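Below, subunit A partners subunit B and then partners subunit C, in two separate complexes.
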Partner chain A sequence: MTNIAVSSVITGREDRDAGTEKDVHIGTRGLDLYYGEAHVLKSVSFDMYRSSVTAFIGPSGCGKSSFIRCVNRMNDFIAGARVTGELLVDGDDIYAPGTDVIALRRRVGMVFQKPNPFPMSIYDNIAYGPRLFGVTDKDQLDDIVRRSLEWAALWEEVQDKLGSSGTGLSGGQQQRLCIARAIATEPEILLMDEPTSALDPLSTARIEELIRDLKKDFTVVIVTHNMQQAARISDYTAFFLMGELIEYGKTSKIFTAPDEARTGDYITGRFG
Partner chain B sequence: MTIDTRKQIEADFNEISRMLLKLGNMSGEALTRSVWALERLDMATAHAVIEGDDPLDDLTEWIEEKCMAFGARHQPLGRDLRAVLSTMHMAVDLERIGDYGVNISRVVLALEGKSFIKPLLDIPRMSEVFSEMLHCTLNAYDTSDPEMAKRVFMMDGEIDALEKQVMRELFTMVLERADRFEQAFLLIGVARALERAGDHLTNIAERVVYICTGKSVRASDFKKRKQ
Partner chain C sequence: MMSRFSLQTRRSKDRAATLLLYCAALLLCAGVFFALYFVASRGWQVISWEFITEPPRDGMTAGGIWTPLVGTLQLTFLSMMATIPVGVATGLYFSEYASDNAFTRILRLAIRSLAGVPSVVFGLFGLSLFVVLLGFGSSMLSASLTLACLALPLMITASEQAFMAVPKEYRDASYALGATRWQTICKVVFPSAASTVVTGIILSVGRVAGETAPIIFTGAAFYTPGLARSIFEEVMALPYHIYVLATAGVNIEQTRPIQYGAILVLVVLVLSVSSLGIWMRRRRL
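And then the complex of A and B:
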């Protein structure tokens, strides 16, 4: 038995690292991002692993949200945004000429800080994406809606009111609806930008539990300002500061004994 | 996290670390006074050490409670997390040292009115080395000095060697005359208690290195290197 296996027996946690580090899902090589003159990300290179949760931490303006917006090319919508270097999903550079951005966004779902359900029924919120991608069969849509809501741990609460408005749900339910909507098109990667910052502790706990479940089927990348949340739910943590990736590694190490003094100072609240 | 929060973390932990140093001094005093009482067969001092154990236990409990409250209040990470968890363990180590002082004091009471089968030389020397180790350990903790903590590892080797010497000598004496058994048995217990106290200080010194550097070290690795 290896040391890793022994420690996983002791801690009662699954051996998160075995195998996964060989399975790189998202990788960057010298990634730079500019908004006009502003140099937002500076030569960022690292790998994120399939079926793991990677948390991005760092003070406001450090580039962590900008980074995740590169992964589904949402920065394309910002005038003057320019990316150099490589951002690889399954080994393919998503910024290479000829990349089908619509197909990419289907593979990469996103959940935002504030729950933003569409002003339509719960059912239509979930069915919106699949319909956009050409699913018209009612039974198939019913299946997708049910499965997505089950995935997002919302089915039991809303199964009797699928026709009512999504905006009528509580904040925590709305955010789970948005997660269900994001996963309805069965993406491989789920990007979450501070998904619980507008929620109460109980709703936050439900979302965190959901994230742990979701990683079985998705690679999750989450931006959070809550260090304890990153420590609770992520397998790997990346610390950004002023556009640079300062330290990246296993969460258990980053939050107990990071290698970089700046990481240690940040997580203990000496700055930021 | 605001600057005020950081100040509060430091103020709260400072309170805990002051009390840990106090516990260290109290436990160390209990142990060294018990050896002092043994050398002179001073019953009053032995009684005083035994009676002084309760405040020591209370202080240990206080530190544990404060560490728990610190964890709940600040949810510490990084060095703060290492420091508060290590401090909880250190308090237990120090409390055990106090208990050894009580054990040695009981030996003193058992030897009332008797004369020693041999002059006490190595046991007081063990107590001296222990005092040096304690001073070094608490200073290393107070000043966050991992190099000073590592010096404790070497000193522990000296205590171990002295304990072996005491055992050898007492075994030989018992083999020569079986009626020396009872006292020899008690004195071996004293040497063993001092050796264990040294081990607890070594544990604390290891944790000081961990708090300061984030790296776990083992004293035995340093001792081997020295040999």
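And then the complex of A and C:
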């Protein structure tokens, strides 16, 4: 974290599409997460920047999904889950008492690791969020549905069957439907948990394109097990290991000259 | 050698147990079918359009079962009006709101045991609460509310299970989009659970329609000349009508065919409602 700030000061160079580093969108200060006795995140502190893509990498079970579920407080639903420390969104601690969790979740969209479309039509799946916000105008909804599906590279496949059930789609299509549903409400932060794990290379390329498009307006956090993908689309990379943030910095640096030997080992696949 | 021997004994034990259970099931089915046959063979001659649509006449020794049949439908309908909202709301509370603590565990246990309480106890409860304490008197209202209490445990359990069966992923997706708990219930949980809840309602109807004990003290009439026109009137009911015909009629022997006819109608009514419920439940799973 510090080395980014230092390096950018020294070089005096800002990555143009990476957002300004002064503009912290999500920050954590000594964030700990427990599931009952299990200590899942251990004193995590770092900043994620507005209009940037941050990739989370790390072996299975290291706490990547758990971390992003902290950001929209979805861990609230897990019995025994407990968070200490601070998680700041736009400078406000979202775990402070009195936080409006509903309002928070409207600003922070999420694509789950497992596709979870509602058992309703494709159209209603996508219109679900906008309708919650009070959009009732048919034309406006049609517009949102179409645009979201186009963004998520699903429009061509489903344009003729918007009325059929979302659960009847293939796994990869369901994944893209969930992406479309998440962006339909235009959240300022988008959390994506392995959004392309079930997709073919073509759809993956479309989603990656989407992510690059999105970051003009949104802050994107993406969990991925695909190192090439992390290198391709992210501006920053965070490497987690057993609940600890081992290293965080510019993707270009993490992938070429990481400070930690363990980071390099993991990226090059030398890690168990 | 030893192990083969023990395997054989285990096999024959297994076969014996299967046979025993099979016989038990067969015996039970035989009993049910005999009862059905017994009723049907004696009741079917009197079944006619007039039997269904005419009120009892001549001190209930002639005529049909129109009055008690409609009375049973009225009681069932009214009791469902009370059971459905309360039962579904309580099921929702248990599934969506109640946290798992000592208090809710005791509540759940109480409801489960309530389902096993004999119906006559509900009758006495209804007598003291609705008839006497609340002053509804012996009336369709009191009887319906008593039946509603009887069906409530079933309705609560059925709807709780229906709501619990809604996958967590649906709720997660809804909450993550910024839905409130109530929005999630209305838009996701309830629609997904609705058909299972309807099955619970139908099973409750089947439970309520054939009950006698809860209504004897609370609003079932020995005889009324016509249909009840208000919920504060007493009402004839098919199960109680059968009981009356069999035990307290003017001429019991003479009314035998009517009795069996009435039983047949009631049995067919309850069986078809329950089978519909069971069929719907099976189809869901």
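Descriptive notes on the structure:
Definition applied: the second predicted complex is superposed on the first by the 232 of 272 C-alpha atoms of A that agree within 3 Å, B and C clash if a C-alpha of one lies under 4 Å from a C-alpha of the other, contacts with A are read in each partner's own complex, and residues count from 1 in each chain.
Going forward, a contact is a pair of C-beta atoms (placed from the backbone, for glycine too) under 8 Å apart; a residue touches a chain by one contact, two chains touch by 3 or more.
These numbers were taken from a predicted model, which means no experiment stands behind them.
In the superposition on chain A, contact of A:T268 is made with subunit B only, not with subunit C. By the document's definition of touching, of the two partners only subunit B reaches A:M227; subunit C does not. Legend: residue contacts after superposition of the two complexes on their common chain; A:R176 is shown touching neither subunit B nor subunit C.
In the superposition on chain A, the chain among subunit B and subunit C reaching more residues of subunit A is C.
By the touch criterion defined above, A:R206 lies against neither subunit B nor subunit C after alignment on the C-alpha atoms of chain A. By the touch criterion defined above, A:P258 reaches subunit B but does not reach subunit C. Comparing the two complexes, no residue of subunit A contacts subunit B in one case and subunit C in the other.
Residue ranges of subunit C in contact with subunit A, taken from their complex: 100, 167, 169-180, 183, 187-188, 191-192.
Across the interface of their complex, subunit A is touched by residues 1, 5-6, 9, 75-82, 213-215 of subunit B.
By the touch rule above, subunit A contacts subunit B in their complex via residues 227-228, 231, 255-258, 263-264, 267-270, 272.
Within the complex formed with subunit C, the subunit A residues making contact are 72, 74, 77, 79, 102-103, 105-106, 109-110, 112, 114, 116-120, 128-129, 132-133, 178, 181-182, 185.
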